[in-house]
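Presented sequentially are two complexes of subunit A, the first with subunit B as partner and the second with subunit C.
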Partner chain A sequence: MSAIQDWQGRRRRGAMTESQQGLVQSADWKRPSVRWGLGGTQTALLVLLVIVGLGPILWLAKAAVTPTQDTLSNPMAIFPHGADWSNISGAWNEVDIGLYIWNTVVIAFGSWLCQIVVATTGAFALSVLAPKWGRVITAALLTTLFVPSVVLLVPLYLEVVHPPVIHHSFINSYWAVWLPAGASAFNVIIMKRFFDNLPREIFEAARIDGAGPFRLFVSIVLPMSKPILGVVSIFAVLASWKDFLWPLLVLSDPSKQPVSVRLPTIAGQTDLGVFLAAMLIACLVPIVGFLIFQRSFLRGTGLSGALKG
Partner chain B sequence: MTAGAEPIQPALPPRPQTPPARARIRRSPISWIRDGGLSRLAFLLPLLLIFAAFSWYPIVRLVLISFQHTNEITTTWVGFQNFSEVLNDPLFPIAVKNTLEFAGLALLFGYPIPLVAAVLMSEVRKRRGLYAALAYLPVVIPPVVAVLLWKTFYDGGPGGVFNTILGWVGIAPQSWIQSTSQAMPSLVLESTWANAGGTIIIYLAALTSVSPELYEAASVDGAGLWKKIWHVTLPQMRTVLLVTMILQIIGTAQVFLEPYLFTSGGPDNATLTVLLLIYNYAFGNSLGAAYGQAAALSLMLVGFLAAFSLIYLRATRSWSDE
Partner chain C sequence: MAAICFDGVSKIYGDGTCAVDSLDLDINEGEFMVFVGPSGCGKTTALRMVAGLEEISGGRVVIGEREVNDVSPKDRDIAMVFQNYALYPHMTVAANLAFGLKLQKHSKAEIERRVQDAAVALDLEDYLQRKPKALSGGQRQRVALGRAIVREPAAFLMDEPLSNLDAALRVQTRGEILKLQKRLGTTTIYVTHDQVEAMTMGDRIAVMRKGVLQQIGTPQELYTRPANTFVATFIGSPAMNMVPAGAIGIERDALLAGFRPEHIRVGVAGDGVFGFEAVVELVEYLGDERLAHVRLDERLLTAKLPADQQLETGATIAFTVPGQAVLLFDAETGLAVDAAS
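Take a look at the complex of A and B:
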C-alpha cells in the first residue's frame, strides 16, 4: 500500500520538485537527446491513448446523435447531414432505457449492501474477535478463490430454481442476484488484512472502557476503515454494473433486467441510431462515476494488484 | 461508555478482570457465552450463511451433478458417463483448441502492451493522472456495451468503421468476425482493449516501488536506459509480472462474453470456447438441459486451471523470490 501512496505523493508533488528519481534521472532530462526522444515518445503515447482510450467513446457519442443512414453509409464522417437528436428521445421512450438503468442501480445497490455487510462483519469477527475456528473458516474462504465463479453457474442456477429448505423459486427475484454477490472471498480477505493492521491498543482500550463487540465494530473499526470501504464499494458497484451472464440466467422477465442484459436482446430489432444512443446512455453513469472517483478507482486497482502480488 | 469519543486514552488499570480472550479454561456453554461466543457467532453468521449457500454448497453440488443425470425433477447416478460424453463430443477438442488460441493470442497482444505503456507512463512528469485516466477509461465501460460497440466497428461491409479506416490507407475491406480465420484475433483485439487499462495501473503502482537508489547505482555503473530497464526495472517487477501473467491466463481460459455476444461461437465453431460449450450444454440446448455434462466440463476446467497454477507457481518459484 505504501507504494501506491508513494505514487500518489509523487504525482501530487509532480513537476514541482526536481528530486524525483526514476528510470530517467533529472540530470538526464536536461540532455537534449533524452528530452526530445523521451518527450516525443510520451507525446506519441498520449495521442495513442486518446485515440484508443477515448476514440471509441467519442465515436459512440457522435453516432448516438447522427441519423442512422449517415452512420451506416459513412461512419467516420462528422455530421454530414446534421445531428439527429431524436435518437436520444427514441432510446428513452421506445427502448425505455431509463427503466433498465434504474434496474441496474437497484441490482448494484443490493449487491453492494450484501457484499459490504458480509465482508465487514465477517472480517471483523475473523480479525478482531478471532474465534478458535477462525483459521478453518479463513482457509475455507481462501479455497473458494481457486474456484472461478463462472464454473458454479450450473449448481447455483439449480439452487436458485429449486432452493433447498425454502421451496420457492428465486427466478426473477433480485435476491437471486444480491445474495450470491455477497459470497466474495476477495472482499473478506482484503477487509481482514486491513483490520489486522489496525492498532490493537485501541481495541483493548475500548474494551476496558466497557465497549462490547458491537460498539467496537460500529464506533471504532468501521470509522477507521473508510479507505478500504471505499475501495470495496467501488469494485462491488462496478462488478455489479458489468455483470451479464448471471442476471441473464436468473432474470428472464424483461422488465426486471439490468441494462447489460437488455442491450443484446434489443440489438437486432432496434434502429441503429437509437440503439447506439441507448448504449451511450448506458455507459454514461460508469464514466461519470469514474471521473468523480478517479483517484479511488486507480488506487483501488493498484492495491488489488499489490495484494494479489 | 465514552469509548466512541476518545478511545485511545490510556485508561490505565485497575483492570477488573483478565481480558476475556484469555479466560477460556472451562468449556461449558455458559462460559462460552460469557466469553463472547454469541457475539462472535452473530458477527460470523452473515459470512457463514452466504458462503455456505452460494459458494461452499455449490462447489460440492458441482461435483455431485457431474456424476448425475438431472433434469430439475429426477436425478440418477451415472458414474463417469458425463465425462466420457464430453470427452467424446466432437465439439470438445474444438473448444479446447479455440480457448488455447484465445489465451495464446491474448498473451501475445495483451501482455507486452500494458508493460511498455506503463514503463513509458511512469516517466511522465506532467499530467500523469491524465495518462492513467485515459488508459483506464475502457475498463469502466460495461463489457456488454464494449462488445456491442466493437461489433458495429467490425461490420464487414465497406461502410464498417474499421473498414473505412483501412480504406484510408488503401487496404481492402476485411470480413473481421464473419471470417473463420479473423474472428478469433478480432475477439482478442477487443478483449485486449477492454482489459489493458487495469494491468497498466497495477504495473504503474509496482513501478513506483522500485527504489530510486537502484537506478542511481546503475547510472553510476554506466548503465544506459535499456540496460536500466533490463537489469533494474524488469527484475524488480518480476513478482507482479508473474502474477499478472497467471491471472491473465486463468481469466482468458474462462472467456465467454466475447464469443457469446460477437459470434455465438461461429462462424463454423471458430470461436466456440470451453465456457461457451458449458453454457450451451446447460442453457443453450433446446432438446433439454445437459446439466451433468456442463458440470463435468466445469470440473475439468477447474481441475486443469488448479493443476496449471500449481505447476506455474512451482516452476517460477525460484525466479520470483530469490
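Take a look at the complex of A and C:
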C-alpha cells in the first residue's frame, strides 16, 4: 500500500515538475479556455503529424501485402480481397532485394567510415593540434560549402575515372562512392566546432600524463566525442542510403547497385505489389536501425564530471 | 624529487603582453613553493611554463639538472593538478589514475599497486569503479590529486586546486595536500590567489604582480618584513593599514607608515609608541575579537581589538601602535625603507 502511495506521490510530483517546466504553467491548464483551446490544438496537431508522417509508411505496409489488382482499383481500401503475402517472397526472390540492401549497407558503411576518418582526423588536426595555417585551411574548407554539389559532378567523375597517382579507374568499384563521400567539408567543420568546445585542460592533462597526438586522439578525444560522432554518422548513413545520382553514375553494374538506384530501374518491369513489397523491405532497414541506435544517437554530451561545472 | 630553477624566464604573448617578466627563482628539492598574487599577475603562466604547456619567450627553466625549455610535457617528469580537475569523463576513477602509468609502460602489477596505494592514501578505494560524474567535487579533486601522485614525479604542479571547493572542504583538503606533500617529499609549486592558503601551506611564498616577482620568502618573512607596499597589503587579512608617516607622528617626509590591525590598541601615545586619533565608523564583533573600522583623515583603517573592548560608533578615539610594529615605505616607489622605532 505504502509503495503504491509512494509511486503515486512521485508520479504527481513528476507531473507537476514537467508542467511547470513548460511555457504553460499548471495553474493555466486549470482554466477551461486554455484546456480546451490549447489542448484541442495540440491534439489536432498530433493527429495531423501522425497522418502526414506515418500515413505513407502505413499505406506502403498495407499495399505491400495487398494483391496488385486491389491496390490499382481501390488504393485506400484495406484488404478488400484479403492479403497477398507472396509479394514479400517475390520481392526477396524475384527482385533480389536482399542483394541490393546488402550493397546499400556496404556502400553506407564504407561511406560512413571514410567520412568519420576524414572528419575526425581533419577536425582533430585543425582544432587540437592547431597548426599555424589552421585558420586559413578552415576558411578554405568553409568556402567549399558554398559550391553547389551538382557543379562538382563532372570534375568528380573525371577524378574517379582518372584518379591522380593511382591511374586506375574506380568506376564500378565501391571506392568510387566511398572516397568522394569522405571528402565532406561540412563534416570536418561541425566536428571541428565540437572539438573546439572540448575542455583544453583535459588535453593538457593527457599530454602531461604522456599522451602524444595519436594517443590523445584515440583515448581522449574520440571517446569524448560520441555525440558528434553519432550526429555525423546519421548524416553520413542517411545521405549514403538515399543517394541516387552519384551511385547511378559510377556503378553501372546492376549487381553492385544500391536499393536507391536499383528500385527505380526495375519499377517499370516489376509487378506493382512485388515492387511495393521491395520498397517496404528497403524502408524497414533504416527504420529498424534507427530504433536500435536511437539512444546512442540522442544521448547527451557525456562530459559531466570532467570539469567543475 | 628535483629542484626547479627559473633563470630570467619571460613570457611575452604575440600581442606584446608581458605575462612574466624575467623571473629568477630557485625552488629547492622537496620544497613547497606557493605562487601567490592577484588575477593576471602571471603565476599560472609561470607554472604552465614549468609544465611545458606554454612556450618560454626568454630565459631558462631547469628541472633537476636538465634545462627543459624544449622538452615536451610528458618528458619533464612532472604531474599537474588542474583547477577544474580535468578528469577523463569516460574513464573510471581507476582508469583515470592508471592512464599515465599505462602510457609510461609500467607493468600491470605495478599499475595496480600504485593505483591501490593512491586510492588508500586519498580514501578513494570505494570509488575506483565509478566515473567522475558520480563523484562529489571533493572526491573529484582527490582523484585529480591521485592522478598526480601515482606517477611519482619529480615535481607536482598545482594550479589553484582548491578554488572550486566549498570553504569547509577547502580547509580539509588543504591539510590533506600538505600531509601528502610532506610524506612524499616531492617538490611542489602551488598557485593560488588566496593569501590564507599561501600562508598556511607554503614553505616559501613568491608574491607576483603584473608578471614581476615582488618578494620571495617564508610566510613569516613576508608578513613581518614585506618588501613593498603591495606585499604588505596583499599578505595578511585584514590588510596592513597604510597611512602617511606624519599621520601617526613620525616626522619623516615622503614616507608611508604600515602597521597590522592586530598591533593597534586603544590608548595614548607615549615613549616608543606612536598614536593617532580616529573616528570609529563600524565595529564588527567576531566572537574572539572585534574588528573596528576607523577613519583617520581620508583613510579607512582596520583595528583588531580584544572582544571585550567597547567602542562607540561615531566617537573619536585615541589609538596607539608600538614603534617596532610600524614599517616604513617610500611613498613614491612603495619600497620598504626601514623600521620606524
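FYI, the second predicted complex is superposed on the first by the 265 of 309 C-alpha atoms of A that agree within 3 Å, B and C clash if a C-alpha of one lies under 4 Å from a C-alpha of the other, contacts with A are read in each partner's own complex, and residues count from 1 in each chain.
Quick note on the criterion: a residue touches a chain if its C-beta (ideal position, glycine included) is under 8 Å from a C-beta of that chain, and two chains touch if they have at least 3 such contacts.
Here the structure is a predicted model, which means the values were calculated and not measured.
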item: Winner by number of subunit A residues touched, once subunit B and subunit C are compared; value: B
item: Which superposed partner A:Ile220 touches (first subunit B, second subunit C, both, neither); value: both
item: Subunit B versus subunit C as contact partner of A:Pro286, first or second or both or neither; value: first
item: A:Asp209 touches, of subunit B and subunit C: first, second, both or neither?; value: both
item: Partner chain(s) touched by A:Ala130 [first = subunit B, second = subunit C, both, neither]; value: first
item: Where subunit A meets both subunit C and subunit B, residue numbers; value: 201-202, 204-212, 215, 219-220, 302-306, 308
item: Contact set on subunit A toward subunit B in their complex; value: 2-4, 6-7, 10-11, 14-15, 20-25, 29, 34, 38, 41-42, 45-46, 49-50, 52-54, 56-57, 59-60, 63, 72-76, 114, 117-118, 121-122, 124-126, 129-131, 137, 140-141, 144, 146-148, 150-159, 161-162, 179-180, 182-183, 185, 188, 201-202, 204-217, 219-220, 238, 241-242, 244-245, 249, 259-261, 263-264, 267, 272, 276, 279, 282-283, 286-287, 289-291, 294, 297-298, 301-306, 308-309
item: Residues on subunit B engaged by subunit A in the complex (per definition of touch); value: 1-4, 7-11, 15, 19, 21, 36-37, 39-40, 43-48, 50-51, 53-59, 61-62, 65, 70, 72, 117, 119-126, 128-138, 140-146, 148-153, 155, 159-161, 164-165, 193, 197-198, 201-206, 208-209, 212, 215-216, 219, 225, 228-229, 232-233, 239-240, 243-244, 247, 250, 254, 256-257, 261, 275, 278-279, 282-283, 291, 294-295, 298-299, 301-302, 305-306, 309
item: Interface residues, subunit C side, partner subunit A - complex; value: 51-53, 72-74, 78-80, 82-90, 99-100, 103-104, 131-135, 137, 140, 147, 151, 164
item: Complex contacts: residues of subunit A adjacent to subunit C; value: 199, 201-202, 204-212, 215, 219-220, 223-224, 302-308
